[in-house]
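Next come two complexes, and both contain chain A; in the first it sits with chain B, in the second with chain C.
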Partner chain A sequence: MTKEISITIDDKTIKVKPGEKLLWAALDNNIYIPHLCGIRDEGRPSAGCRLCFVEIEGSRHPVTACSKVVEAGMMVRTRSPRVDRLVKTAFELILSDHNLKCGSCPANRKCALQKIAAERGLKLTRKRFKPLQRDFELDDSPDEFAFDRSRCVLCGQCVWADREEAKVGAIGFTRRGINRVVTTFEDLPLADSICTQCKLCVDACPVGALYYKKDAKK
Partner chain B sequence: MSDQGPQKLYQALKEKAVSLTGEKKEKTRVMIGTATCGVAAGALKIKDYFENEIKSKGLEAEVVEVGCIGHCYAEPMAVIDKPGFPPICYGYLDDGLVHRLVEDFLAGDDPSYEYALAALERNDVFPTFEDFPRGVYEHKLILKNCGYIDFRDINSYLAEDGYAGLARALTGKPGELLEEIKAANLRGRGGAGFPAGLKWEASLKSGVEEKYVICNADEGDPGAFMDRSILESDPHLVIEGMILCAYAIGAGKGYLYIRAEYPRAVGHVREAIDQAREKGLLGESILGTDFSFDLEIFQGSGAFVCGEATALVNSMEGNMGLPLSRPPRLAAKGFRGKPTVLNNVKTFAYVPLIVKNGVDWFKEIGTPDNPGTAVFSLVGKINNTGLVEVPMGTTLRQLIYDVGDGLPKDKPFKAVQIGGPSGGCLPESELDVPIDFDSLHEAGAIMGSGGLVVMDENDCMVSVARYFLEFTQHESCGKCTFCRLGTKHMLDILTGITEGRGDSNTLDLLEELAEDVRDGSLCNLGKTAPNPILTTLKYFRDEYKAHIEEGRCPALVCRDLILYYIEPPRCSKLCNVCVGSCPTEAIFTREDGLKEIDQEKCVKCDNCLKACPAEYDAVVKLSPPVLPPEKEKKAK
Partner chain C sequence: MQYVEGEKEEILSCVEEVLSNSAKDRENLIPILQKVQARLGYLPTLAMEKIASGLNVPAADIFGLATFYNQFRLNPPGKHEVKVCMGTACYMVGGDIALESFERRMGIKEGETSEDRLYGLERVACVGCCTMAPVVVINEEVEGKVTPTRVDGIMLEFEDMEKKEAADKQQGEEGGSQ
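Up next, the complex of A and B:
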């Protein structure tokens, strides 16, 4: 048994396992930090969504909680003007590339983006950044679920579920920059790929990009 | 093993090399600069001309390829070294000039001084490069051999005391070598200036025995070619530096990560590695000691982001070239999970010189916090484009006006972009900033890898920022939100401004977003991508405002904000040149015989402006794109 250490988040002192990443330490203690791409079992976090910024006493700049290992006596603030500004911009950037028709989304009211908006008082509208116009084809080839890339936030939860939990490897990230997408080998429809339709990826999706057809709203 | 073992073996190698190269020097030699820059300018043809001319005259002379001489503006170039004369450098070569040089100098004894650029050794008849204005400021350390030694022949490097540093270091302990590099305060030349010695030391702290040394030669900035030139012209210098690093940290294997777009560099380094192995300077039991280290080339596929350390290692491991979150740093956990020291080409190149000449020698050059020299590729609106090496602390003004001989046609200076797409644009008022890591950072630019682009009044700062953002946006790997989407939105906003779109909030939004991308991105590609925007907004905000508020591009560059117009008082009835130059038949002859542009048809290709003879100079660009009112009436 390794001895637990104490850290303080927003004036609340909590006991955490040494070696734990700050994001999971906070979430386990009911302290919310926005996040999309964080995966607890992933050794080295992707740190791609850039939403889990916190301030740590002694650090010059806000750091991402998913990549920060807890240290005894660490003093953490989940909110500050700098953190709020970065989170707001990252959130709005993600929204600029996200299909915002929440009413017709199967993930409505259980969407991770809606949760972030509610927790941080952010609006689910696009004010500063224009929507990026993109044409994505809906992949409804699997029997029970479908993949709508216009809602995908590239968090990688589905890729992790597919590779590390289902051990299939049907989907992955391809292309670079603004063209980065989650897709199958040779961009085949899921049903034509090696996908076993185990649906672990659907359960992992936080935003309704992968969804059950039975939940689809007409 | 005796302590004198490596020295003895080295002395034997060197003596042999000196005698071999000495023999060569007794013959007349024509050395042609055939680094990529020279080849692009036609150096291989020049080589053929020389060989054919020499052959047809039955002369005894050897034609040798050397690397980059550093005076790109005068390419193709050659150095003729004839016994009895100082070695003399000739530039702007063509077939006629080659014919003349062979006839007059090689066959006869007239060095044709009127065509010579400079001599390479002090003499009583002709000035050397050191006598050039730029020679006063230049201080060549790592470029010293570039263009003067035969990169194909390791003996050529050995004869210049090459590998002497290695022989010396091998007689001492690795720890002593590490202390020397730390004491020299050698700062990494890849851009950020992190002390190399500390990085090396960090790799030891892990306690893991298996370690790697990697040379980052993924030079990707537009307009930067320092690393390529060094690898092409003096590959052994970098190899020796890597071997020394490996000895200091106890690594057994190293890689040179060279982009595949640098085929000549790859070729030269490959040959050099083979030769070093043959001589026992690389591989098993280096110079007879029990230290073994081997090198391999890894060819990168040219993604800009792979210059980022973790992305580079990722791509070497066969993964996508995506950066990873840090810590751990590479020095703790790098290639194949092992401690890895990754330094830039130039950083490694200084190491043999420091070991050979001593820490004090190195620290005397440059400034106390930034010892040594800085290498720049001078490009853009500057007379002497080329590769230069100046001591740290030289001011930008000295670099541009004295070393680079100022701007062509004495046009006024407007801005200088330092550090490529990650760097910043500095205006006239910042020209007295000394060139070192800290001062440049303070001014908003970065040293970067050393690309330096000079701009004049004909360069639009908004377009420049847009150009660099287009580059970084294209090169973004897409992993993190700020870089993937932030650079895209910044580019869209900038494109809008060059088209005259935007309102009073646009600049504030652009600045806010730029700051957030800088503060929030995962890796340094994203963190530095906004620098061109932030610096141009800081120093050239009025130019942005002119675009948005007046629909005017002050530099007359942004196509949507200009029109071409022929000034009737200057136009001549006797001339038709512009009509023929127009690809869209937009120019017609009016009833009075003068020419006019049909704005509907004009595609703003700039042909007519270039075609209009200098004595008339009648074609002008107007911004905002509005025709002068009275002329408009007349035209109807």
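Up next, the complex of A and C:
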């Protein structure tokens, strides 16, 4: 077995496996770092949600914890004015096109966005950026679950589950920029696509975009 | 979009030929799509499905790539292809109005092709003659200062062209039967 190395996060010294990414090392030791797109087994993280920024001593700029491999003697701070500012902006940008009707969302109270807001004292409202609500058609074609793209944060957890766990390949990212969506080949409803309705993507969704119909609120 | 007669066979043979001449590797996906589009004019559903199974890549990924890059199109080109400029200058002087007029007259949205494949409508970003704004490119010819009235004129020209072609064809057929 390879020898564990020790790193310091917020004055707490922890022992971690070499090669581990900083985000998971922290989370395993009950040190919270906001994250949405991080996938533990992903070799090269997309680092797309821009929420897991931390300060590392000796590094000029904040770095994303999900893509940073731990090094012996690393001194990490999870909070700093620079980190807070980056995370706040990234969070506000995610909210700018997010359906914020939490009361009618099946993920209310177990939503990753609500957790981040609570942990970092951020508000689940839009002030700085113009809201961008688009008309998405609800895909309720599968038997037990539905996909509401107005709540999707494009974290890619469902695509990972579909590809790496279910090994199906029914869904993927399409289009570009503000029009980017997770969808099937030729935008078919899920039930008409090659989707096997294994529901692993529903379990992977950190927000209320993919949800079980039994949890839907009227 | 419905395939026209004989198109399916053409698509299949095209994809087969392109795939047999390229390494079956995911890294080759963009060149393969480019070659197929160069031959067919667009990326039909059938072609994307065949490429997906040929390279063992999810079809959703091919669709993702084809919708990510502007160079790929999923609709067949129309016989009359209209590109409306949405560059800054054209947009400021009402390029969007010209686009809307075309959409209404053709009965399609931007990026689409009419069901009879007569008209295709696209938006482009600057064709390089901002002094003529708003600019449209009609079958590769640039036309400037396009007002909604001019859109009507352009559409009438198309319709006249079609009528004339139909008449010529009929005359040719009559001539042939004599």
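In this section, the second predicted complex is superposed on the first by the 218 of 218 C-alpha atoms of A that agree within 3 Å, B and C clash if a C-alpha of one lies under 4 Å from a C-alpha of the other, contacts with A are read in each partner's own complex, and residues count from 1 in each chain.
Operating definition for what follows: a contact is a pair of C-beta atoms (placed from the backbone, for glycine too) under 8 Å apart; a residue touches a chain by one contact, two chains touch by 3 or more.
All of these numbers come straight from a predicted model, not from anything done at the bench.
> With both complexes superposed on chain A, which partner does A:S46 reach: first (chain B), second (chain C), both or neither?
Only chain B is touched by A:S46; chain C is not.
> Look at A:T184 in the shared chain and tell me whether it touches chain B only, chain C only, both, or neither; answer first, second, both or neither.
So A:T184 only meets chain C here.
> Could you tell me if A:R176 is touching chain B, chain C, both of them or neither one (first, second, both, neither)?
both
> Is A:R60 touching anything from chain B or chain C once the two structures are fitted on A? First, second, both or neither.
A:R60: touches no partner chain.
> Is A:R85 in contact with chain B, with chain C, with both, or with neither (first, second, both, neither)?
A:R85: touches chain B, not chain C.
> Is A:K127 contacted by the first partner chain B, the second partner chain C, both or neither?
neither
> Which chain makes contact with more of the residues of chain A, chain B or else chain C?
The partner making contact with more of chain A's residues is B.
> Would you mind listing the overlap between the chain B footprint and the chain C footprint on chain A?
173, 175-176
> Which residues of chain A touch chain B in their complex?
Per the stated touch rule, the residues are 44-51, 53, 61-62, 64, 66-67, 82, 85-86, 89-90, 93-94, 96-97, 128-130, 132, 154, 173, 175-180.
> Which chain C residues qualify as touching chain A in the complex?
On the chain C side, the touching residues are 45, 48-49, 52, 58-64, 67-68.
> What does chain A use to touch chain C in their complex?
It comes out as residues 163, 169-176, 183-186, 194.
> How about chain B: which of its residues touch chain A in the complex?
Those in contact with chain A are residues 303, 320, 324-327, 473-482, 484-489, 492, 509, 512-513, 516, 519-522.
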